[in-house]
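Each of the next two complexes has chain A plus one other chain: chain B in the first, chain C in the second.
For the complex of A and B:
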């Protein structure tokens, strides 16, 4: 049966259906972005007008030593988290997958539990556990380093420890994604390959890994975006110190905007962070996909 | 020389026995078919032969070698899965060469074997494609090709045609028969479709409830079923069953009153008068007659050469008979159906054949 519709009416309905989304999106996303871009070309304070200064903020940023320190720390943190957390999650997912029924659900719940905690609770737990005087983990550190260490006050230890806390906190979600990916691989491929003579290692290398790769690439990219946005953990655990050794880009935005009242400069930094994340993550995802296709 | 021998094989999952004491032999080079309704354990039995399920007790021999505890890849079997289980990320050629690569065979040998298998299965033009780019029938052939390159002693097929449409299924059935003649390896084939079983098998093994009900050549099972289940399962449309009471003994058998009529059946060991028996008659043996069972004709499935006439008994049950070459329709008529006494099977109410 051919359906004859009133085209104008049809369009009207369509517009009215997308209107709520467009309105909210414009209000809380599009408008702020435009405003941030505008702000970054002014010397405005956090609230109030400011004057157009052109590229002054960006020029200042490129000669700001703290910007490079932060960039380096962000990069260091990405190295410490993205690949390790994915590798750990893959290991856990592979192990959890071999459990059956309720036991699997229980194991998954245990690994996922930290993820539902708010960041302030997570950092508090770890701050206590790693406390210089009373921390239950200090004997472990003593074993490694030979003496107790105030980890969040030590420039060599602070970033690895923040990374550790972050991995512990967010790993469950990656396990979940990878486990879903593993479950998507049909069981009979493993049976067929067992008949073809593949041992466990070969099954992993020739079936699991290539078929799981799209999910691994996704996890790596999500992690990259997430870890470049590092802020809460350092703010709560070390406040960027000691000696700026855990100072990161978003902390810089926060300080400039809310403590120094340099709205325009903060807007310029956040725009740079935004472009950085977009570029790096798109680049990474495309590279990973190309690698996967080979 | 034996192909595959199962001795007192059992399989239980927890407290549930899926396979209960199965002993059978598929001779070398033969085409054996496991057939039965879903849940009868036929696929489990096949997977046990493949080594994908372990055997709770009993012994499995392949080519005279005890393989009960041997891992799948060392049993000399290759399996074609219902889902085909093709590696989606590999090309057709890579799929077929997978086992050879694992066995570290040289590139020349791999290519030659894959080319040969592709030639047999008419896949030569598709070797570089991925499984997703192939039709159902082609995927099926790739799965078979993957089995062929391994040159196994035994091919195992787990309902390989059930995902194909009817026409393709008939075609693949013929190709499988041809393939069996061509390479002459032992094949074991699992299906729930008795037509596939009849047309492919040298030997059929009818399974139900984890027990082999009867085994033998297709026509032997058709002509001489051991019990009511086999009689009803083999043959399409299936055998008609009528419950009745022995009312008399004739020269060669018994007279049974059933459905307000009477039929005579040949039997050597005659049950006593008054015994309840089940009579089984195939549709092609029933025909309208002067005396017999009164039925009302409901409708006919006209197939051209023959017709299956569906009738209703006085008790309300269905009965089917076959007519050949007759063009007049009987719809709505009351007729009596009878059959040659030698063509009527008798079963005890529990299902065992009375002979």
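For the complex of A and C:
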């Protein structure tokens, strides 16, 4: 009897301990998710319940050309950013690691600095530097292309340039993660391999790369999630143009919801984006882990 | 329930006692919450008007808030009005009226309302009044001004050409050929971008495109919701081709954003400048400070194609719904008085370059004496407003399409016919 009561009390204490978390989680996460799912089956505006329309929004979405354009652009952007930013971050991390003391801290700070800037500042800086009439980088573009280029107004240049801005902005964080991973590799492995006559390239291929792989996989996955959520840079730099060549899924959500007042349709799109991110990132992480185990 | 009411009564009595202690004079004062989107020179002028109103009308107090122009303003209005947290009166673009009606957030302005304001429907220019009506001819806003595109010109760059008369005013441009001849002449006179407008921005491109379309009698969206009906598509192609030609001949700047388009004219590089009359104060001020470096003038957009018309929009007053509640009649009365007062004082607003929509002011000798504003006042009767569609108007899909499709097309990234096809597809999709 006493045992049971004791157990019950334990359970009570346990529940009361997780209650704050459950309450906040339900309020700010679970409830909105349920609402978004419900909204996506209605023709609701931004305010008000709307009428149940079943799968209408999803049918419409699947026949919406802009949806496929956006999907393609999201994919293109992922290709342009995820692997390049990880590779660049790895290169920087390897170089920074070879520095020591204050110099290392300074180098790290310099690479991390852009990351602490808000996106509006970042895009403003680049919009000025790349300004068609007055931008300081236009002479550089002139060297490459032979004439000044309005990069955010040119359908071929816009996505690569948004990708460049994004990499510049977010790379510092990846450097930090990879550097932490590098520091976790025991130094004696390098010493032992050096004694056995391994050169630098062999050390990287046989020690650094395999032991760093879990961190690399993590960075790749985080980047994939982050870059699929592209919105701010495109909204601020190119507004989705020209000819929708930088239109992405979240811009579609924004325009439908806040400009056109189609809450239900916007909810359907955002739910699809959510499922897309979950599927792709889980898939990618599993694939990378399998690769890592081999 | 009874308890609650008692409590409320008690608090309001307490409040009243407190307030009467603090401000013994203003017993029946109505407080009006006002939202607008005016920044810069417009904002300063509007704040001065509100200040003057508050000083002259101790029984009404206007609490004004200025919000971010465009989509942020209209999103905030629609969500807040729907739950009863919106303003009592707000400025509204008449081009956005169809969207406001679709959202159901505007209250009708009745004849009784107008009477309280001391206004009558006949007091307003017809195009502006029509733009303030819903499809059922009910009035949903009171027009305040007419703001349109005008043609600024640099007299120095046109010197020696046949396009200036003896007094130095623009003359003889009554067709596209003549206008293009003037552009070529200005180029020969050393103008690097003879016709400046914001070729890389939504508004600049849209207004030129829409004016060229309207001058051919073309329709972007018809009253029954058809995009580019009949031969309007061909007319739209012609409009895009004209703008493309200006780009190819080096007459218009490449990818100029709004500020750059203004700077090109004020720095004396452009002979003509196609922009809203709201830039008139900029030129007046610069000229007064002797910083312009050339003689300037402003005229109505000439008839380049078949019809004498151009794009225009109006700022108006609208009274949003208060969620599920009704606005108290006394408050609505105060709002209407405020609107009436503003209309009668719109001469001060006209100094910002706009034409008063209220005819008694627009036809007054005071306004006629206001130069150069009265030079282009004639357009008030001939203006073409944006299509009466929820996808049209400021910060709407038509503006997005202008920067997304037309702007790159006129820079040679796409043939005009393809661009017009895509424009049609985008707008039809947005209307679904």
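The rule we apply is simple: the second predicted complex is superposed on the first by the 289 of 294 C-alpha atoms of A that agree within 3 Å, B and C clash if a C-alpha of one lies under 4 Å from a C-alpha of the other, contacts with A are read in each partner's own complex, and residues count from 1 in each chain.
Please note the rule applied: contacts are C-beta pairs under 8 Å (C-beta built on N, C-alpha and C of every residue); 3 or more make two chains touch, one makes a residue touch a chain.
Quick caveat: nothing in here was measured; it's all calculated off a predicted structure.
Visitor: A:188 contacts which: chain B (first), chain C (second), both, neither?
Guide: First partner only, chain B.
Visitor: Is A:211 touching the first partner chain B, the second partner chain C, both, or neither of them?
Guide: first
Visitor: Between chain B (first) and chain C (second), which does A:28 come into contact with in this model arrangement: first, second, both, or neither?
Guide: In the superposition, A:28 contacts neither chain B nor chain C.
Visitor: According to the stated criteria, A:143 is in contact with first (chain B), second (chain C), both, or neither; which is it?
Guide: In the superposition, A:143 touches no partner, neither chain B nor chain C.
Visitor: According to the stated criteria, A:197 is in contact with first (chain B), second (chain C), both, or neither; which is it?
Guide: A:197 sits against chain B, while chain C stays out of touch.
Visitor: Would you check which partner chain A:290 touches, where first means chain B only, second means chain C only, and both and neither mean what they say?
Guide: Neither partner.
Visitor: Spot which of chain B and chain C makes contact with more residues of chain A, would you?
Guide: Comparing chain B with chain C, the partner touching more chain A residues is C.
Visitor: Touching chain A in the complex: which residues of chain C?
Guide: Chain C reaches chain A through residues 71, 75, 78-79, 82-83, 99, 102-103, 200, 202, 254-256, 260, 391, 395-397, 400, 403-405, 407-408, 411, 413-414, 422, 425, 429-430, 432.
Visitor: State the interface residues of chain A toward chain B in the complex, per the touch definition above.
Guide: 186, 188-189, 191-198, 202, 206-207, 210-211
Visitor: Applying the document's contact rule, which stretches of chain A touch chain C when the two form their complex?
Guide: For chain A paired with chain C, touching residues are 45-48, 60, 64-66, 132-133, 150, 153-155, 239-244, 255, 258-261.
Visitor: Can you tell me which positions in chain B touch chain A when the two form their complex?
Guide: The touching residues are 50-52, 71-73, 77-79, 81, 83, 85, 87-89, 98-99, 102-103, 146, 150.
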